[in-house]
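What follows is a pair of complexes built around subunit A, which joins subunit B in one and subunit C in the other.
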Partner chain A sequence: MESRILKPILAVYVALFILFLYGPFVVLTILSFQQGPEGGPQFPIVEWSTYWYRHIFGLTEASRVAPLPIGTSMVRSLTLAFMTMVTSTVLGVMSAQAFRNKFKGSDFVFYLIVLGMITPGLLTGLGVALVSRNIFNVDRHWWSTAFVSHVVYTFPFAFLVMLAILNRFDASVEEASWSLGVSPIRTFRKVTFPLVFPGVLSSMLFAFTLSYDEFSRTLLSSNEQTLPLAIYGTFAVEIHPNLFAFGVLTTLFSFSLLAVYAILMALSVRRAKKVAIQEEIA
Partner chain B sequence: MAVPAKTSSSTAWLLIAPGVLWMTLFLVIPIAMIVYVSFWTQTTFKIEPTLTLASWQQFFGSDTYLTSLWTTVRIWLIVLAATLVIGYPTALYVGLFVKSKTLSTILLVVCVIPFWTSFLIRVLAWRPMLGKEGAINIVLQYFGIVDHPIEALLFTELSVIIGMTQIYCVFMVGPIAFMLGRIDPNIIEASRDLGAGFWRIFRKIIFPLSLPGVVVGAIFVSVMVLGEFATASALSGRKVNLLGNIIVTQVGSLKWALASVVGVILTIIMGIVVSLFLRVVDLRREL
Partner chain C sequence: MTAAAHIFRLDSVSKRYGETVALDNINLSVDRNEYVSLLGPSGFGKTVLLRTIAGFEAPDEGRIEVNGVDVSSLPAHKRGIGFVFQNFALFPHLTVADNIGFGLANRDVPAGKDEIATRVNDIIKLVGLEGLAARGVGQISGGQKQRVALARTLITEPKLILLDEPLGALDANLRGRMRNELRAIRERLGVTFLHVTGSETEALAMGDRIIVLDHGHIAQFDIPDTVYSAPATPNVAKFLNRYNVFDGSVSGTSFKTEYGDLAFTQKTKSDRPAYAVRYDRVAVDADESAGKGPSVPASFVASEYLGSSIMYFFEAMGGKVIEVEHHLSNGAPKTFDTEKSYRLRWKPEDAIVFG
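For the complex of A and B:
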């Protein structure tokens, strides 16, 4: 049987593939523990140290390596990601709700929304910059022009996630609640929302992480630096292991977001199960 | 439920209106604006709405820009092929060979996790990997495969291709594995019983059935690679200039009209590429 030979070969291949995906990051992590401030961004490790991590937080003595310019830009990025998250989730829930009934022009609207996630960021950024400069004559800021172009990107994700959730959603549960005389607001809180909560949570996670990390849209549509722009600015000059240390920290931050998401998701699944069991008993 | 169709349709439009408005104002109009501005008149520091073909002539009359057009197309084709060739076997294993649902989910998650980390950091991570004193050269020298470090690894077109392949591979693996996972194992079983070898089964059944996944993956990868500029500038030492890099540098020197011309050309290329892919497979029917 050929698959007896093929399967182990493919298994080894997949292991190598995963090495290819993770290798660079592992190397970057190792080098982030380089000795400082003389140790460079390459092997060998002169001496293991946490110098570059302390360097990021300004806990080291001044040296020829300038600290990463991330203070203000990080506050901007987090605020922007939060604004983007709220807006695109609201838009996503509303639009997906509209799609529960087929309406005239729904095909067109579907493609219009999806266009936002496949248009390259550079073009969205360029277009938004041109409109703001040459039509409205307004300055570009992270909270205005960059914000709207981030939502153009994240709203389609929220929309698709909510669409998938609502497609599986049985509308008769809501109708049952209404016909039992429960007010629409209470129905939404007690019936609809718990059912769509996993979708809302996923949309929020997508929107936040995508916006927090968004680079090409922001580059042309914001005058001020957000975190990715600040990081990109340091690429042009000589790089130091402090960038690596920062990479490790920002990855840890993304993973902790993912962990919060997983915990909330698990809690909501457990609650759903509990309700199901109660129903069975009743 | 006898809800008049008109009422439900107008409720739907109320719900959808903000989204449609947002996309029209901040996506459709901006893109139309790029097309419009590409015909504006460029003076040293500003642009004026007097229509002219000057910027288009400037683009097509310059070797620098035409070279970058060709570089973009070449790198796109190479990266597309590389992600397919490297990603397909992985998808094959994850989607078809792994029998346990849990294991295949875990493997997919492992592939997706890097996507969760910062894009720029992933690009940057290739520097200590590919450099003259980088990890790959150290390993190669340690095993005596090469005597002198290979300098061609970093700050060349090759490094851009390696970086992009790693970053975008996931978008190929996911859709293909998804389509492979939907293949009914009985079909493969039946053809095996009828005496077909693996290669024949692959050619006649597995690959054709995975084609919609390949097309979706190819569209993702193409659109992202064609609109790229950061990987090129960070890993090629500014030697590789993609159309995206031209846009950024032109905007940097306030040449908005020329940047717009490049933007329109990029949009046209992407439109052609996507519609060609969609011609291969009727996605709406297949998915």
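For the complex of A and C:
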């Protein structure tokens, strides 16, 4: 009875959700196959072509449309995302580990960390730039100030993921390891870390993707352009379908990252599941 | 190696959690090569005591000595004490063989690969896990897990192994078998076991000596026979689950209770007066008159068949349950009527009186 009303509503809701999630991407994809270099970023499709894909890689003859200025900015973004991922995940694992034992002021520190993900990005970026300039006398760069603002932003995500994982972690396996004469450091490496590895993977994914398309914090804290800044910069001139083609390529790249994550996750979950199922039988 | 006879000694060890006193000035010394059962209801500090000895918890006061060495400030991995957990705490990401070899492979001075392989093989034979070495620990049964947990500890050759209700997770059949195996292994390897259990039968069956823990202090530490037949306090009698315990007060050679005055012959010193009589020393009489000797009027409630004996449950005034055990070797079971009243009688010399 209830579901007769609720189910259709939910179905419409889900349909809309999917439409808004993938709709733009579908439109983008279609337009990226527009004819070039005359074809504009709008319907109708004059003629189907892969011109704009070739244009990105400089495989077309010179025309009035300048190549996308993304080469160096993409390398920057990838490097920055990687640095952020490693730093935030290491910090996240370590701080979540610290929170397993209640310490004095742990509640306060918890909110202090989590604040990093809700402070307004533009202001954080500005603040980092100002502080580094005026107090530490450090210039704005993607690898200095922007890196710091990215870590401040992504670290809480990594921290929360690890906290959730460690909360469910049965500490008696660690004690068992100690009682066998194994030092706490080695115990962490050989027992704790392998068991919380799915969480570490999730933290890494969060940190990487958040950093990779971070815009507002980077805008004022980096002197050079990262990929999102470079793309935004092209809007100011004129939009051509080569931007859409590039959008398609980066999205495919993100999907492949997700696929790698899913495979790694499946491998480690399958092992865990095998254990769980067997336990149920026993 | 010191010449000390004891394998470990606790010296005025106390531990509090906020207002709760978990361990209250514990003094304890256990000999080498001894099997000690630690009995007490849950929440009375058994596990805390074990975890404190192992070094997982730090005592608030007191000294812990293992093998003649003060280990009070040593971290757990430097104490050389084995610990078998109630949930076994096997490493889920490792195989049976890797679980067992874990300690040898990962200590500060790891053993060589060949040595580990040989010793893992030996211990697998000892605990009877042949053919399971390559299995994941999720692919073996509860009893096998228990053996892996034990083998993993035994291989590091501790002189003291702490067992935290290791049989609690097993079914009754398996529990009996593991009980025998534990004793056999202990006799072969010459280690001391300190075995925490909430089951009085297990404690009595396995321990060379039994420690009874009551609200964080040691109520009695003695051989099973003495603990069983001469409990030191009313609570020990209660934990043994073999005694009817009555509250009241001592007056001369009788004990005043709300069920009447009960006679007795000898008295144990205690700060709480109580009158205890073993289940199997109580006889049921259809004649309701008071008669001679200690007795209590009661009505029959139910019975429970235990195989070698029958438990009868009677209810005295105020809903007090009195249990009577009838060994079947002493004759066929009797039937009682729930409508009728009976008189429960025993000999005054069978009573244990505290006061």
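Everything that follows uses one rule, which is that the second predicted complex is superposed on the first by the 257 of 282 C-alpha atoms of A that agree within 3 Å, B and C clash if a C-alpha of one lies under 4 Å from a C-alpha of the other, contacts with A are read in each partner's own complex, and residues count from 1 in each chain.
The rule is simple: contacts are C-beta pairs under 8 Å (C-beta built on N, C-alpha and C of every residue); 3 or more make two chains touch, one makes a residue touch a chain.
Source: prediction; values computed, not measured.
Judged by the touch definition given at the top, the superposed model places A:S149 against subunit B, while subunit C stays out of reach. Contact with subunit C, but none with subunit B, is seen for A:S183 once the two complexes are overlaid on the shared chain.
When subunit A is checked against subunit B and against subunit C, the one touching more of its residues turns out to be B.
Contact with subunit C, but none with subunit B, is seen for A:V173 once the two complexes are overlaid on the shared chain. In the superposition on chain A, contact of A:S254 is made with subunit B only, not with subunit C.
In the superposition on chain A, contact is made by A:Y22 with subunit B only, not with subunit C. Once the two complexes are laid over each other on the shared chain, residue contacts for A:V109 go to subunit B alone; subunit C is not touched. Put simply, subunit A uses residues 175 to touch subunit B in one complex and subunit C in the other. Listed in rising order, the residues of subunit A touching subunit B in the complex are 2-3, 6-7, 10-11, 13-14, 17-18, 20-25, 27-28, 31, 41-43, 91-92, 94-95, 97-99, 101, 103-104, 106, 109, 112-113, 115-116, 118-124, 126-131, 133-135, 148-149, 151-152, 155, 159, 175, 209, 213, 215-216, 219-220, 228, 231-232, 235, 239, 243-244, 246-247, 250-251, 254-255, 258. Across the complex, subunit A meets subunit C through its residues 170, 172-173, 175-184, 186-187, 190-191, 194-195, 271-272, 274-279, 282.
Contact residues on subunit C toward subunit A in their complex (touch as defined above): 54-56, 75-83, 85, 87, 89-93, 102-103, 106-108, 136-142, 145, 149, 152-153, 156. By the touch criterion stated above, subunit B contacts subunit A in their complex at residues 1, 8-9, 11-16, 18-20, 22-31, 33-34, 37, 47, 49, 86, 89-90, 92-94, 97, 107, 110-111, 114, 116-122, 124-129, 131, 133-135, 138, 166, 169-170, 197-198, 219, 223-224, 226-227, 229-230, 233-234, 244, 247-248, 251, 256, 259-260, 263, 266-267, 270, 274.
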